[in-house]
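Pasting a structure here, questions to come.
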Amino acid sequence: MTEILTIAGQNLLSPMILCFALGLAAALARSELTVPEAAAKALSIYLLFSIGFKGGVAVADHGIDARLLAALAGGVVLSFLLPFAAFAMLGVLTRMSHIDRAAVAAHYGSISIVTFVTATSVLAARGITSEGYMVAVAAAMEAPAIISALWLVSRSGQGRAEMDADLWREILLNGSIVLLVGSFMIGLVTGAPGLARIESFIVSPFQGVLCLFLLDMGLVAGRGLRGSRGVLGGGALLFGVLMPLAGATAGLGMGLALGLSTGGVALLMTLAASASYIAVPAAMRVALPEANPSVYLTLSLGVTFPFNLVLGIPLYVAVAGAVTGG
Amino acid sequence: MTEILTIAGQNLLSPMILCFALGLAAALARSELTVPEAAAKALSIYLLFSIGFKGGVAVADHGIDARLLAALAGGVVLSFLLPFAAFAMLGVLTRMSHIDRAAVAAHYGSISIVTFVTATSVLAARGITSEGYMVAVAAAMEAPAIISALWLVSRSGQGRAEMDADLWREILLNGSIVLLVGSFMIGLVTGAPGLARIESFIVSPFQGVLCLFLLDMGLVAGRGLRGSRGVLGGGALLFGVLMPLAGATAGLGMGLALGLSTGGVALLMTLAASASYIAVPAAMRVALPEANPSVYLTLSLGVTFPFNLVLGIPLYVAVAGAVTGG
Amino acid sequence: MTEILTIAGQNLLSPMILCFALGLAAALARSELTVPEAAAKALSIYLLFSIGFKGGVAVADHGIDARLLAALAGGVVLSFLLPFAAFAMLGVLTRMSHIDRAAVAAHYGSISIVTFVTATSVLAARGITSEGYMVAVAAAMEAPAIISALWLVSRSGQGRAEMDADLWREILLNGSIVLLVGSFMIGLVTGAPGLARIESFIVSPFQGVLCLFLLDMGLVAGRGLRGSRGVLGGGALLFGVLMPLAGATAGLGMGLALGLSTGGVALLMTLAASASYIAVPAAMRVALPEANPSVYLTLSLGVTFPFNLVLGIPLYVAVAGAVTGG
Amino acid sequence: MQTHKARRVEIIIEAPMESRLTAALERAGVTGFTVLPVLGGSGRSGRWTREGQVGRQGMVAVVCLIRPERLDTLLEAAFEVVERHIGVVSVTECEVLRAERF
Amino acid sequence: MQTHKARRVEIIIEAPMESRLTAALERAGVTGFTVLPVLGGSGRSGRWTREGQVGRQGMVAVVCLIRPERLDTLLEAAFEVVERHIGVVSVTECEVLRAERF
Amino acid sequence: MQTHKARRVEIIIEAPMESRLTAALERAGVTGFTVLPVLGGSGRSGRWTREGQVGRQGMVAVVCLIRPERLDTLLEAAFEVVERHIGVVSVTECEVLRAERF
């Protein structure tokens, strides 16, 4: 317990979280501060490239771990199953339409890579290592949840999901998956000598870049929250906090079953607890245009993302440490 | 005197000033070289964040200085009063309309944060320290001058200033104030440990980023100058050089009265000498649409900004050193 | 021979080339991964500034080399003459129209600065030094080829080239020439002390930035290739590989005649072998609007650029080493 | 296809005035509008380009499709805001699909 | 100068649907179109701006100049794509130079 | 509100030609125009998007509101520049506020 509080306190007072809070506050106060779209996208490319590359180098260093494939499969299973839990929980807590519930469920089965990146930086600050291939697991968990959600819609007969080959390609080859997996493989191939050549670009400035990126995330989340006041009822807000906890619990079980390290368990909990706000929303606009974007974006970006960032991650790290004895 | 020449010489041959000169020359020669708007904005976010954060950390390290509040008040007073001096000087030197004079006056009471940043980098290069809270003073000096200018207009009855609650919010919560104050507070809270985590992002590359940013400022200033040939007469040009000297003198007096360090005095002189070209122009377009933007932009960005950068800052640093004996 | 294979192998497995390959693969697989235009332009500004500055500092350190002017003249001569070789080779290998041949020829006489930058990074990785003024040679080689191409068109009477003073200014003061020459001169003036101030910005992150930039180049080249399938016949493709080899041979001869160092010869070979895809295409759209942009862009960006990057540069470095005994 | 008469109003205005214009449009009962970026332009107050700018100066184009009978209310609301500022307002006749949206 | 009657169709649509719309236009025999960026807007589904977005959400404007006789085919193709999605379609009469291009 | 007849000319042209076009317009006595960015498009010379580009290729849209009687001068000036280049020109009838501005 004190462990949790210590981590939470340290986390709360880290420059990253304070930057996020600054962005949130600025947006809620209607400041015109903005990070240009192109700059925010460039920062996210940097973060994805850096984390993928470092993951690949870590795997190259330690040799391909036998658990790599098992972990990938475990992540995919989680991403497939979590939407069902989310869908059911929304049925209990809210009066959302069938389609909205399915769309939200897709988001919570998928993952938020920024939440993942922030968790890796919390682990790094505490000196906890993790499996390098967790970035590959993150990539593998992006898409399966979409299938579950579309299946939930088609089963109900209350809507029509528009899936075509183009959409599948867009989902599976979306920018963050390609960049994450691609840079992971580059890191794997070039290993430590490759890292040495670009270390002062992708390692040292990483946490500072993350600060600016989270500042922008705070601005975007805050603007989203302001624009959608009244969209979410109390039940939905509750869902936005309970669902990550449920996801983290599932991630914990899976992580232990896979025999991951303390850091690996904490990251899998974070992945399961996080909700997508880039890849899945775009897919939903195409496949389920009737679902209300305000609902799913506000939940995933306005509620769950801040919750994970501020309270969730320290909690998951502490629990993973306690359970694995790490 | 030799001191001034030495500093001026070193300053003139620094990469920053040469980058500014390159931009200016390229624009005047009508090269199509441009820094994309989004990139320039990203660079300015970096500079503001870095300088605010480092200021906060400095204050956290040395403890809250008793003079902090006094310095803030002193800055606000300067920003309120300088527009009256500017307005009067314009009346003597030029035949500008009442409204144009008021609009220009607002710019010179307010501050240019890039000029401030460049001055901190000149101080750093000479090993002169300054009060960390000077960035907060800079933020506090952005807005008051606008009030003075609008009062000058309403008093004259020769125009109508459109002020509404929205405009006040836009001015007080404009991007650079929020970012500067916000990152100052983050630095204050996280202190040296926070800085350690992001040092290689916000400290080491700082001067290089400033170079590219000044390159862009040179391009923008040069394009502005080309587009507004003939807008300014000799009197206005003279104002663009005399007013910063007047402002610096006022800043010197205030700095000595406040008992600031050598570096602090030099920075307050720089702030008082500098003229806004971001926040105030936008406010003027809303509040005083009849004022001619070419006049105030050309003066502040095309004349006073280069003057301060090249000659003003070394002069203020040398004078502050001589007067405080620092 | 083994030397070539070693260099080629090391090059192939460097993070830079793998990033380029990742971008190419992503684009060919129709992933929606993109680097925002503003970010890509910002990266290229960084690369040009950094390489120009470092070149200037190198010249400042070693003193102005007597061969500087000769090297500039040599580069200009190459740029003037190579279009004739290209034009003739296209006549033999393809059935392109006169105008298309001239337009393509202009590209191959001019240079690709990214190819040059990549070559400097390969040299640096192998510890081979080169003349700092090679960046000035690169800048000098951008424009002359355009004149040769327009002369080829006007001589033939089969088209009309639209040249005006504006176009000359646009070509001679295009962004990359101005930035390269400007930062070279800044480096020359500020020398090692200037470098020390911005070293952690322009030196250490350089190779990492190059990685992200080449990722984007891969994406752009891949999208270009997809969009222009069928535009090039086998003869044109062959030209895209043979012409750089011919250019490199000319560059080798010129480099030896000039008495350049091993690194200098390798860089001059690279410059001669590379083809423009920024400055020249824009000039061709204005001067020779009837020439088909798909043809020259696909050849220079889709065929020759990857060829040089992957095979050409290691070959030129190895040959330069073998011939100069460096 | 079934189309319906409407008007397309295009207002080019300084960026700092954008939020004031759209607020006025909303007060005037306009149900929708679209904001497009502007790179540069020229008019009585001279030539400008986005590249010669720092900060959020510059202009935007606000496009508004509206039923013909509501045009006058819109123009009055827009004029109120535009009056003292630089910028231009143009109105074109057009047809729209899905009239229920306007 | 010699001009020719044509129609200018403007379709404002969500960015993720852009490639589907342009593919449908091409299938309907449209020979050309231009895509413009959109900064923000407002409609039945509320207000949005590019700044309140992550990823590739947002909208684009697709402008299509077309011979009058081809208008119906185009509108049907566009409607097919737009139908279930947010966005607006407007048609204006216009004149074009160089009719051979359309 | 009082409006005045005018024409809205929209010229979509390659970015390297922009300055030549606006210079020609100014020589033809055009008092104002607005330049909008273009993301991509398709035409006789094929499909292009801003993302498949390096450097300053790409296109822009130049919008020009003009009194009807000046239209021909404008079109001739524009045609001069556009003639050998890819791009399209369209003209729409419109009404403008504040006629004294045109």
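Letters A, B, C, D, E and F name the chains as they come in the text, with residue numbers starting at 1 for each one.
Keep this in mind: contacts are C-beta pairs under 8 Å (C-beta built on N, C-alpha and C of every residue); 3 or more make two chains touch, one makes a residue touch a chain.
All figures in this text were calculated on a predicted structure; none of them were measured in a lab.
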Reaching chain C from chain B through chains that touch each other, fewest steps
1
Which is the least count of steps on a path of touching chains running from chain A to chain F?
2
Among all the other chains, which ones are in touch with both chain B and chain F?
C, D
Of B-D and A-B, pair with higher C-beta contact tally:
A-B
For the copies chain D and chain E, give the interface type as same if over half of its residue numbers appear on both sides, and as different if under half do.
different
Could you state the distance in Å from the CA-based centre of chain C to that of chain F?
34
Whole-angstrom distance, CA centroid of chain E to CA centroid of chain F, is 18
Cα centroid separation between chain A and chain C, in whole Å?
40
Find every residue in chain C that makes contact with two or more other chains and list them.
32, 34, 36-39, 42, 170, 200, 205
Which residues does chain E have that touch at least 2 chains other than itself?
36-37, 49, 56, 92-93
All chain pairs that touch each other
A-B, A-C, A-E, B-C, B-D, C-F, D-E, D-F, E-F
Note: in the complex, chain C contacts chain B through residues 36-39, 41-42, 45-46, 49, 53, 169-170, 173-175, 178-179, 182-183, 185-186, 189-190, 194, 197-198, 200-202, 205
Within their complex, state which residues of chain E touch chain D.
10, 12, 36-44, 49, 59, 61, 72, 75-76, 78-79, 82, 88-93
Write out the stretch or stretches of chain E touching chain A in their complex.
14, 16-17, 19-20, 45-57, 84-86
Note: in the complex, chain F contacts chain D through residues 1, 3, 6, 8, 22, 26, 31-37, 60, 63, 65, 92-98, 101
Complex contact set, residues of chain B against chain D:
34, 37, 40, 162, 166, 170, 217, 219-220, 223-224, 227-228, 277-279, 281-283, 285-286, 289-290, 292-294, 301
